[in-house]
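The structure appears right after this line, and notes come after that.
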Amino acid sequence: MKFSHLLMGAAVGAMLAFSAADAYAGKSDDTLNWATTREIAVIDPYYNNTRELVVMGHMGWDGLVYRDIDTGEFKPLLAKSWNWANDTALDLELRDDVKFHDGSSFDADDVVYTLNHVSNKDNGVLTYRNVSWIKNAEKMGDHKVRINLAKPFPPALAYLANAVFIMPSGHYDSAPTKADGKKDWGVVKPVGTGPYMVGEVKAGSHVVMEKNPNYMANSPKGAPQIGTMRFRTISEMNTQLAELLTGGLDWIWDVPKDQAERMNDNPAVTIENAKTFRISYLAFDVDGDSGTDVFTKKKVRQAVAHAINRQAIAENLVGPASEVIHSACHPDQFGCTQDVPQWEYNPEKAKALLAEAGYPDGFEFDIYGYRQREFTEAVIGDLAKVGIKAKLNWLQYRALRDIVRKGETPINHMTWGSYSIPDVSAIVSHFFKHGPDDPAKDGLTREMLDIADNSIDENVRKENYKKAFARISGELYWLPMFTYAKYYAYSKDLDFKATPDEIPRFYTAKWK
Amino acid sequence: MLVFAVKRFGVAVLVALTVSILSFSMMYLSGDPAIALAGEGSSQEDIENVRRVYGFDRPIIVQYGDWLWNALHGNLGHSNYLKSDVASVIFERLPTTMLLGACALGFALVLSIPLGVVAAIRPNSLIDRVALTIAVIGQAMPSFWFALTMILWFSITWRLLPITGTDSWKNFIMPSIALGYYVTPAVMRLTRAGMLEVLSSDYIRTARAKGLRPMTVLFKHALRNAIIPVVSLAAVQFGFMLGGSIVIETIFAINGLGFLAWESILRADLPMMQAIVLVLSVFYIFLTFFADMLNAFLDPRIRVA
Amino acid sequence: MTDTVSTERPAQAQVNAEMMEPSPGTLLRRRIFGHAGFMIGAVVLGTIFLMAILAPVISPHDPYDQVLARKLIPPIWHESAKATWEHPLGTDHLGRDYLSRLFHGAQISLLIGFAAMLISGVIGTTIGVLAGYFGGRVDMVVNFIVTTRLSMPVVLVALAVVSLVGSSLTMVIWVLGLLIWDRFAVVMRSATQQVRNLDFVTSAQAVGCSTPRIIFAEIMPNIANSLIVIATIEMAHAILLEAALSFLGLGVQPPEPSWGLMIAEAKGMMFFDSWLIVIPGTALFALVLAINLLGDGLRDVTAPENRN
């Protein structure tokens, strides 16, 4: 009795110690509460390559140029104007009226510092492809810089607009050193020029961003409207839905199709299905590194391709904005074409191919996935119908990526969002130029991609990308599946428009 | 009493050491720990570097000694994902989980002890049967279903309680019930059994025969003695709840140790996983140690054992 | 026994005695049929067991056969126009027949519960009986092992191990089996302690019976009823733990239809199509309840004096 009294006393005391005020927000206190399932610890778009940081990157920081999502045209942001001095040198004139969140003025030193830091491979930017095209940056005046390229890189402006954020000079100097002697770059205090300033960060719980009252005038991003943006980690989708329905959250996404459809007539929320740059694909272990050699046989890969009803998955599970794709790129990206070998849904043909390949009774293998389990389950179901038994291994992205890079997966069902860069080099050149994610390491594909990547002639690029896509789909290194469509669900109070590139522009959102 | 305490403490330390060996060996379950620690996209060179820096090339016994030495000095390693010291993250999140555990245990005791007592006073009555039903249902319903059903009713339908967060005491009501409910059957059965035994004992009969008021007999004499085993059960269950709060913390988005454990497991953050298993186990060991001490203090017969 | 006695006593008296006193078998039968909990438990468990065994015969569809265009058809009692007798319990999020999955899921849930209980039972009983029989040092060591095991949080360790070595049906069974033997050990130890000092054990020791013989022939039969009770508790425990692992995505892997997994897959639609979770949830609930009732009933029936 005494012990229970003691415990009860402690519990009651602790409960009373809380402020009784409910921290409920939304329109009434000018706070937009948004949530995803992921825990965010590192607030730096170079050292955290999650989608959340792409979103927060555009809120907290600015790039040199801005890409208009509707027209595709590039507009001035931190740079007032730019011109190509030659194929490998881009000169930019910078704005002189911009201040960082800490009050310091923005000038050429900041650009030079940032670009030289991130383009140095030793500094370990997570998605090095985003900056590897930069050789270095030179100061040409207080507000004038030149970016030198390693070789001609046609989509440079697209990368500058979507993936290169400018940090203040000396930003990473205070990074601590890890036990293995390397710097822990991601832990410095986040400072940028963007429309929102990073406030309180609590990993696993929330990241608060406050409106930047001194945000630059006439930015193409517009002036920020809502006072506070509060990101929350809620790993259970049911809980997210419950919070949205009761006003605890104002905005969520990745709502599964079935739930989204049932909420359509709920008066408190708006449901929107929007395109994304993300595509879904199956990558085969073409070389037999995983210890299973079945997928070294092209007939088996063809059988898999014929066995999967991609149309049914896109229609029934993904959403109306999703479409089936046949080449390893998103149809909205420059250089993408569907004019490649296509594998129609035909289970009978799949069975025949399996028999020809020597597996009349099918076989068993491990399939790996990390995103939207029901999509992978549908693949498994389709394969089961032709006698192939796939065992699901469900992992977190990071863990899966390690295994994929070691070549241990017979088939991995993964996705790629191209960091929302509207150019096929952001996907096909990442995967098929013998990098760690390359499932085939095919010489011919690399040659074609090298030509396409390094040419500034649009037609040469298109033609060679097409050849590469035809080879990838024809040889079935990948089976491209479908484009992702995302269901957004947000409060009726919120004036928000989803964009087709999976980057919610919270800085343009306002209350109705 | 002192000899008993010292003996018992010695056992606790030995158990803690064994647990530390087990959680250390978790490092080797997934194969090469250097690859796991080096993280995504690491080159062979990086892996070798990690192997050298962390000393994975040394004999395992030396590595363990080193790891234990560091752990004893509060250095539980570094989390690659959270970019932070493991110990400081754990101790930042431990209080939330402890509070949740305490509230859950409080709920369980408040519900189950009175039910157990009433059930013992009137065995096979309607109340006894109701209590039994609650106990049986508590054992048979998956906790996440129970928790989500509560959200559906109390938050979405009736708008009575907040769903997530830890800002107000209201936030703790549903998670505490969801977590504590599963403890009630055990506590209730034990209280009932203890009361039945005590009520039929000689000294209660004597007390009744002396004409003491029934309530005085019940609470001052009977319950006091019947509750002793419940104390150690409560301590044990508190330890279980800290480990079992993973599901509940995930559902109610409570940023405690359970959620941290779950996230670390998902992202294969080995140092964090090891440390959480170690911390929870050691906490449990000392919890049971103190429960034993308290028991010995309350019931002198135990001390000689 | 009756044979030897009957030669010494007048036959008539023997018959009279037997007519007046119900035989132990009759007594047991009366207790069993008079025990409502035991009966309910036995009938429900028997039904589920039959469902599992006959699953391939009685399932209307292939439990793995998905038809995406026919997903989320509600069960027949639902007022929706989509409900059809072709799928009496409806279809799941991938258009698989829910009734067939429920039948096949019974196999897997029972298998997990039974196999994990068997593994933990063998481990726990072995060390529990050894500790109880030999006492002293052996008892101390076993006590130590049990305390160590108890101090490690089950769900956390199970999740960590499964995530590190990969999850599959076999792995889930082994991990659970290797983790939940503690109650077996504790109860078997104290049961053995009670029995070992009884007359028939000491006399067996006196006539020089070997230790294995004493343990198997004298002790085991006398602690069997506690063993059965713990076995039922642990079986239910394993089934529920698998459901929790499945909820977190680390239990049995799809498309295998365990009930725990079915509940986990249905949780997304819980606020909208609650029948998806109610059907497997009720099945799991009934199974766990039945096992518990059966266990409690067995204790009451076989050893009524221990009832409290």
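So that you can tell them apart, the chains are marked A, B and C in the order they are listed, and the count of residues begins at 1 in each.
Definition applied: a contact is a pair of C-beta atoms (placed from the backbone, for glycine too) under 8 Å apart; a residue touches a chain by one contact, two chains touch by 3 or more.
Just so it is clear, the model here is predicted, and its values are computed rather than measured.
Interchain contacts join each chain to each other chain, per the touch definition above.
For chain C, the chain whose average C-alpha position is most distant is A. When chain centres are taken as C-alpha averages, the shortest distance to the whole-protein C-alpha average belongs to B. Taking A-B and A-C together, the pair of chains sharing more C-beta contacts is A-B. Between chain B and chain C, the centres computed from C-alpha atoms are 25 Å apart. Taking each chain's centre as the mean of its C-alpha atoms, chain A lies 39 Å from chain B. Centroid to centroid, with C-alpha atoms defining each point, chain A and chain C lie 46 Å apart.
Shared contact sites, meaning residues of chain A that touch two or more other chains, fall at 238, 242, 245. Counting partner chains per residue, chain B has residues 148, 152, 156, 250, 262, 266, 268 touching two or more of them. Residue numbers of chain C whose C-beta contacts span two or more other chains: 250, 267, 270-271. The touching residues of chain C, when paired with chain A in their complex, are 64-66, 68-69, 71-72, 93-96, 166-168, 249-250, 253-255, 267-273.
In the complex of the two chains, the chain B residues touching chain A come out as 35, 39-41, 49-50, 53-54, 78, 81-84, 89, 93, 99, 102-103, 105-106, 109-110, 113, 148, 151-152, 155-156, 159, 162-165, 167-170, 172, 223-224, 227, 230-231, 234-235, 250-253, 255, 259-260, 262-263, 266-268, 291, 294, 298. In the complex of the two chains, the chain A residues touching chain C come out as 237-238, 241-242, 245, 256, 258-259, 262, 309, 312-313, 315-317, 373-374, 377-378, 380-382, 384-385, 391-394. Per the touch definition, chain B reaches chain C in the complex via residues 11, 14-16, 18-19, 22, 26, 29-30, 136-137, 139-145, 148, 152, 156, 192-193, 196-197, 236, 239-240, 242-244, 246-247, 250, 261-262, 265-266, 268, 273, 276-277, 280-282, 284-285, 288.
Chain A makes touch with chain B in their complex at residues 1-4, 7-8, 10-12, 14-16, 18-24, 39, 41-42, 126, 178-181, 184, 186-187, 202-205, 232-236, 238-239, 242-243, 245-246, 248, 396, 398-399, 401-402, 405-406, 436.
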